[in-house]
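Chains here go by letter, A, B and C, matching the order in which they are written, and residues are numbered from 1 within each.
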Amino acid sequence: MKSSVFWALVRKDIYVLRGFMIITVAVGLAALVGMRFGRIGFAIGGILFLTANVAGGIFIAMYSLLTERKEQSNLFALSLPISGFKYDLAKLVSGYVGYGIPWSVLTAIGLAGYFMPYAAADRGMFVYGLVLQLFVMALFSFVLVWLFVVASEVLAGLVILISNICFSLFMVTLNQPEVTRPLHSPHIVWTPFALWAIAGELAVIALSTALALFALSRRRDHLRSL
Amino acid sequence: MHSAFVISQTDPRPLYQQVKDQLRHRIAVGALKPGDEIPSIRQLASDIRVSVITIKRAYLELELEGVIQTRQGRGSFVADNAQLGDSLKEQELTQHLRSALSAAALLHLTEDQLVERLRELRREDSQGRS
Amino acid sequence: MTQQVSPQAFALRGVSKAFRYFKLENLSLELPLGQILGLVGPNGAGKSTTIRLLMGLMTAETGSIEVLGHRVPEQVAAAKAGVAFVSDDMRLFSGATLAWHMRFVASIYPEWDEAYARTLLKHFNLRAEQGVKGLSRGEHIKSMLLLALARRPRLLILDEPTSGLDPVARHELLTELMQIVRDESRSILFSSHNTLDVERICDQIAFIDRGRLVDARDKESFLDRWRRISLDVPTGVTLPRLKDVVNLTLGEQLATLTTDRYEPALDAVLQASGARITDVQRMSLEEIFVASVMRSRAEVQS
């Protein structure tokens, strides 16, 4: 019975997030289509695609965690036959699933684009796309975990700000000629930069999640933040 | 029966006393006869919205006073004592007379004045009837 | 693993928890099955903290907590399976309807009674299809009470349930609460400022103030032990020094004495000193509560 409360809460959260999930996918897909229309289309589409991915993640993380605490419906959820830890875990899972689904759809379709005839000459940029998408997921991981911790909306804003700065820095780094030149090839090239970046991103995701689970398991008060 | 119970928190008598008095009154007027079943403690508590502990106390005291009997596993009943009705009416009369005495004391009436007042009321009553 | 079956609805033993500006100290409180406990205390006294500790929403620093025979927080999920909790600062999920919540709760608790839920909708004057966002404060609380009552819980914990309710709704709630007492295995913890309701329906009463349990006993004992005695004290008469006097107010030839251990023998002692008793009054639960808290605070300071 306990596990069914857990999944009932996750299902409820996904249902609540469905609007964000749909909009994220819709905007992302529209952006991918727009990228086919000339240099300006490519630029705008590219920015829009990134925005959909990053902003979608931030909205989903914030909505998932903060509204329930703010609305005080967390007390109702916590009155159900579920431990405080499982409740927090359900929030974490529904955050990952709620973002994971649109992210997977956009990543799959976006990366598949590199295997289309029109992208044959630039197939190597598949690696660029992968590094970028995994960075966005790592960023989401970071934001989700820290939103568990912060108490006020001011601090939440700070977390968002830091993540935006990180994202900008990353984009600058990723777009350095030394990084992108090897990737403009008809073959997939796993450059050292790409491999390190992917390893780092996966590490951030794993570490953030592990840290979150550790911190949540030691929580003594499930009504406030950590 | 329980819908007619009137329990008031503005009544100076404690709740358990009100429950006792109302049960006794029903027995005195014959609404409850010796051997009749009365509601279980929890049933009455639920019906008149008064705590179980209060009803328990009322029933316990009534049992010690010989007004009701509780048979284990069978419920609570009005005691079989045939003279109960009369003795309860006697007790009620005593209570009313005591109240009259204290009211008279507050008005600084003498015993004679009180008795005179009683006679007046009896005359008024019998005139009203004819 | 066999469960130690406890005959109590809950038991807190030696529980403490410290916050920045408040400390709950060495609290011990129990409720036998089949009874209603009224928890009374000023704002900030620790009522909600105690309830949250019972529900496993917080972890105590010392002591042990058992709810329906399960240790909290170790087996909190098993404990909560039998507990329904409604608090005045609780809210339902704003994006859904009451009907959604009813289905949600019914899917989690096998004891859900749909027929009873429908009856409660009528009694509480609620519409199942209404969205939570559109509910007034009173309707919101009544909705949460409906969800709690229709589950037929073994332990019902209410934290200020009547604070947003109009008199009619309060009457309905008390009627439904008193339906629960028909079952001697079901219990209620009722935390409220409404001492009138507590005085009427509770079997046990506990006073809490500034993180400490001031007094706890059955209701009839409380009401039996406390008296306010009005005295005429002619000049030249001094009242004897008595123990168990909570408060003594002296005026011109008049005195009011409050005691928490009244016995008829006390009357004789007072009369013997030359004072004349003009009135011996029972005290309402509210008056007893205020007097207890005042005394407790004075004791702590000295």
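Throughout what follows, a contact is a pair of C-beta atoms (placed from the backbone, for glycine too) under 8 Å apart; a residue touches a chain by one contact, two chains touch by 3 or more.
In this text, all values refer to a predicted model and were calculated from it rather than measured experimentally.
Pick the chain whose C-alpha centre of mass, unweighted, sits closest to the average of all protein C-alpha coordinates shown.
Of all chains shown, the one whose C-alpha centroid lies nearest the global centroid is C.
Count the touching C-beta pairs: is B-C or A-C ahead?
Answer to which pair has more contacts is A-C.
Centre to centre, by mean C-alpha position, how many angstrom separate subunit A and subunit B?
Inter-chain centre distance comes to 75 Å.
Averaging only over C-alpha atoms, locate the centres of subunit B and subunit C and give their separation in whole Å.
31
What's the distance between the Cα centroids of subunit A and subunit C, rounded to whole Å?
Going by mean C-alpha positions, subunit A sits 47 Å from subunit C.
If you look only at subunit B, which of its residues touch subunit C in the complex?
Listed in rising order, the residues are 9, 12, 14-16, 42-43, 45-46, 49-54, 57.
In the complex, go through subunit C and note every residue touching subunit B.
Going through subunit C, the ones touching subunit B are 34-36, 174-175, 178-179, 181-184, 196, 199-204, 218-220, 223, 282.
Touching subunit A in the complex: which residues of subunit C?
Subunit C residues touching subunit A: 52, 55-59, 73, 76-81, 83-87, 89-95, 104, 107-109, 144.
Considering only the defined contacts, which subunit A positions touch subunit C in the complex?
Residues of subunit A touching subunit C: 1-2, 4-5, 8, 12, 16, 68, 71-73, 75-76, 78-84, 86, 220-223.
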